[in-house]
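Below you'll find the structures, each written out as structure tokens.
Across the two complexes that follow, chain A remains constant while its partner is chain B and subsequently chain C.
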Partner chain A sequence: MVEIIGVWCAVLLTLSIFSYLYGDNPFYKAAEHIFVGVSAGYIFTITFWDTIWPNLFGRLFPTIVQAGFDFDASYIFPLILGVFMLFRLSKKYDWLSRISIAYIVGMMAGLKFYVFLNSNLLTQIKSSAINLSGSYLSIINEFIVLVGVISGLVYFFFSKEHTGAVGKVSRIGVYFLMIKFGASFGFAVMGRISLLIGRFEELIEYSSFKYYYSTPAILVLMIIVLTYWSIKNTNINENN
Partner chain B sequence: MKRQLAYFLVIFIGFLTLSGHFINYSPLNNFIDNDATQWFDIISGFAAFLGVVNLLQLHLNKISQKKDNWRYSIITLLGFLIMIFFGFIYNGSSVALGPHLKKEGSAFYWMFQNIYLPLGATMFALLAFFVASASYRAFKIRNFEATLLLISGVFLMIGRVPIGQLIPWWMSLEIYICLLFALIANRFKDKKKMLTLLTLSLLIFPILIFSLNLHDLALFKIPNLQEWIMDVPATAGSRAIMIGIALGTIAQSYRIITGREKSILGD
Partner chain C sequence: MELLNKIFIKLGQLDRRFIFILIGLSVLIPLLRPDWINIPIKTTSNSRIVFEELNSLKSGDKVLLSFEYGASTKPEIHPMSVAVLQHLFSKGIKVYTVPLWPEGLMMAKFAIEEVVSSNLFKVKEHIDYVSLPYKAGGEIIIRGIATDLRSIFTQDINNTLLSEIPMMNGVNNISDFDFVFDLSAGVPGNAEWVQFACDEYNIPLSSGCTSIMVTDAIPYVESGQIRGILAGMPGAAEYEQIVFEYLNKNRNNKYLNEKVSILPGKATSRMSAQSIAHLLMVVFIIFGNISYYLTRRDK
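Right after this comes the complex of A and B.
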């Protein structure tokens, strides 16, 4: 029975979101608001049980929270910094939250400096080098990649006006970037369409007798309600 | 003084984290590799709590002041409270609180499976329709860049679906000829001449390619072409973007660590 209720809820919410294709309506608005509330609750719960509970309380109170860690007194600092973060809500003590933000920003700046320098800059430059011992075809391809990388970087260089030779090179860079964006766009479209197919497959599966024809039943109900709602709205607009 | 303390902490932690990559001292390396990031996650967890409080404040204000669509805010609060109730108070399964989040049969898992997952997946699936209309608008802009975007996107999509493998070599060739003429169309002043040339090319080139026995070239197979686009020009574009992002991040990190960036603490 619980499974059937779950299926009916899933179908109702799926069709409510799809009803946006008809226009903004109460079904969509309700589903959208449920999504916001449930997502906030989900993220908060997951963050607490997966991060704070084992990593913080598991180290501060290892006898109570058995997460596989030994007692570590240094973890009192993230607890204090975390509590400081909550002082953002207080007008008098909100300066304390800046200390927590300072830790987060400083730590990320130090960490990303090295990570980006190593993985995104040096490794990418190294990968763009031409291997002259390869076949003619691979050398041509690697040369095209090198030209694309350099011209793309010239396009991102804003300290010099893009005129003359710089302008021409940056134009070539734009072409490479456009091909990249086209490929990303293609991937995005394919990803969304496969998600859409997945949703339709599920709706079709839930149309069977096993689930008490949930999809057609809810669909008919929604159409009736939406028709009534739009007629009512038209009448209100005409009277106004 | 309070502000200076925060800036001092940014500089101190920034240099400490950075030095962990350049100084070979195991307690420091261990702190940077494990504890520093764990601390970050824990503090971010508290920040998530702050975000939730903010959301609650927003919707409670909306309800109390009876602003537009305030009734929907009740639904948001209900959704949130039910999730919290199933996450922290009511379990519904045989396992302890905490592991119950991923245990089939728990009330929280039921909510995840039947409410959160369908809503999230459908929200993203809905974007397929809007992506289609956005692409139509993008491709209406008839310039060379938009054409490149269109060609790359379309070839990628066709090349990665089964129908792409069924396209014969001559059809690929006709597509290339049409694309070439689309690119050079504005160079023709006399459109009749262009149409004649296009028709002749469409007729002659397949015969020419077939008679020269070149129809087995990888170029005439859309999946191969798609692979080449991904491996060569698209890789070049993404590398340029990645290097650009890296340079920007390094410059910004340097400014933060050395205390030059003053807008980072939410002032």
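Right after this comes the complex of A and C.
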């Protein structure tokens, strides 16, 4: 029975979101609000019980939490920084939250600086070099990549006006960027269609007798309600 | 010619809801009637590289499987998760799942349940696979796994202490794994695994990701920082097909249950719908451009 209720909820929420294709309506709004609320609740609960409770309180109160950690007094500092973050809700003491944010920004900047330099800059520069010992095809391929990298970088070089030779190279960079955007668009379309297929597949599955014909039943119900809502709205607008 | 011009201009003014209906039908019909349209799947080199990388692992090797996707991207990534798990279990490889997204916890659970409940593989929890819980922090957790896994994880999802799980013996950081496979739909995802763990500690990494992420991940693939990539639903379908053929060829493998039949994956059946929808999109783009050109010319 629980599964059937779950299936009916899933179908109702899916069709409610799809109903936005017709226009903004109460079904869509309700589904959107439920999604935001459920997501926030889920993330909060799972973060508290899977991270804060075992990893923080488990070290400060190991005998109570019993998460397998030993007592570690240094974890009082993350607790204080976490409490400071909550002061964002207070107008008087919200400056305390800036201390926590400063810690996060500083720590992440330091960490990101090194990994980005190593993985995205040095390794990528190395891999854009041409290996002359390879086959003709691979040399041509690597040459195209090198031209793309240089012309793309020239396009984003704003200290010199894009005229003459610089303008021509930057123009080539624009073509490479356009190819990249085209590929990204194609992949984005592919991704969205995949998600649509996923939803349709489940809606088809839930149309069976096993699930008490949930998809057609809810679809008909929604069409009736939306038609009534649409007529009612038209009448109100005409009267106004 | 004049009539044709008028038709194209009219098509350009078509209500977008008709386009939605046509796209919907192009997806719905192949799903309802899969026997009507059957488009063959061709394996790309990136999917083949992923297979060969995982296939080169030996029985008893340790693979960390990272789940960074949720319900919204499940149709693209989940078939990959199942196919990768099938491949790993069929070789007797030890699997360690770790979710870095809150929903990843459920996705990992569903994928494991699907593969284990098929009874095709002779696998047992804590002997062949272990599921680690979700920890908030994204990149920081990846960094933590790279340096000291035990400082973050002390229990699995069933609250069993890691010290009591036999397959966790000697697993303390990223260097204790033989391979990392990342299933990602955003951030943290494959880029973070490259940057915060695998590049620095020289651990081989492959990835399966959503279509939208592919263009950003390709530079890592070209440079060898990621070894092959499964790109969206087509990547999942290709991998399913390769694994399906592999399992059928290795039917007498000691890790497989001979009495259970091998079934093809879900992504393969979805590819016809995907191809038809893409063809329709291409037609729309061509018609839209002709209509735009004619409208502009008349002005």
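Here, the second predicted complex is superposed on the first by the 240 of 240 C-alpha atoms of A that agree within 3 Å, B and C clash if a C-alpha of one lies under 4 Å from a C-alpha of the other, contacts with A are read in each partner's own complex, and residues count from 1 in each chain.
Definition applied: a contact is a pair of C-beta atoms (placed from the backbone, for glycine too) under 8 Å apart; a residue touches a chain by one contact, two chains touch by 3 or more.
Keep in mind that this is a model prediction, so the values were computed, not measured.
Within the superposed three-chain model, A:V2 lies in touch with chain B and out of touch with chain C [touch as defined at top]. When the two complexes are overlaid on their common chain A, residue A:T14 makes contact with chain B while staying clear of chain C. After superposition on the shared chain, chain A has more residues touched by B, the comparison being chain B against chain C.
Applying the stated contact rule after C-alpha superposition, one finds that A:K126 touches chain C and leaves chain B untouched. Once the two complexes are laid over each other on the shared chain, residue contacts for A:N235 go to neither chain B nor chain C. Residue contacts after overlaying the shared chain place A:G68 against chain C, while chain B stays out of touching range. When both complexes are overlaid on chain A, the residue A:S138 reaches neither chain B nor chain C. After overlaying the two complexes on the shared chain, residue contacts for A:F116 are found with chain B and with chain C alike.
Judged by the touch definition given at the top, the superposed model places A:A183 against both chain B and chain C. Look at A:I204: by the touch rule set out above, it reaches chain C but stays clear of chain B. Residues 21, 42-43, 46-47, 50-52, 55, 108, 111-112, 116, 120, 124, 127, 145, 180, 183, 187-190, 193, 195-196, 198-199 of chain A lie at the contact with chain B in one complex and at the contact with chain C in the other.
Partner chain A is touched in their complex by these residues of chain B: 2-3, 5-7, 9-18, 20-21, 32, 35-53, 55, 69, 72-73, 75-84, 87-88, 97-98, 101, 108, 110-129, 131-132, 135, 144-146, 148-157, 160, 228-247, 249-250, 252-254, 256-257, 264-266.
Residues of chain A that touch chain C in their complex: 21-22, 42-43, 46-47, 50-52, 54-55, 58, 67-69, 108, 111-112, 115-116, 118-120, 123-124, 126-127, 145, 180, 183-184, 187-191, 193-201, 204. Residues 2, 5-7, 9-10, 13-14, 17-18, 20-21, 29-53, 55-56, 74-75, 77-79, 81-83, 85-86, 88-89, 95, 97-114, 116-117, 120-121, 124-125, 127-128, 141, 144-149, 151-153, 155-156, 173-183, 185-190, 192-193, 195-196, 198-199, 202 of chain A are the ones that touch chain B when the two sit in their complex.
Those residues of chain C lying in contact with chain A across their complex are 17, 20, 23-24, 27-28, 31-32, 72-76, 102-103, 105, 133-137, 139, 143, 152, 154-155, 161-163, 194-196, 199-200, 210-212, 214-215, 219-220, 222-225, 231-234, 266, 270, 273-274, 277-278, 281.
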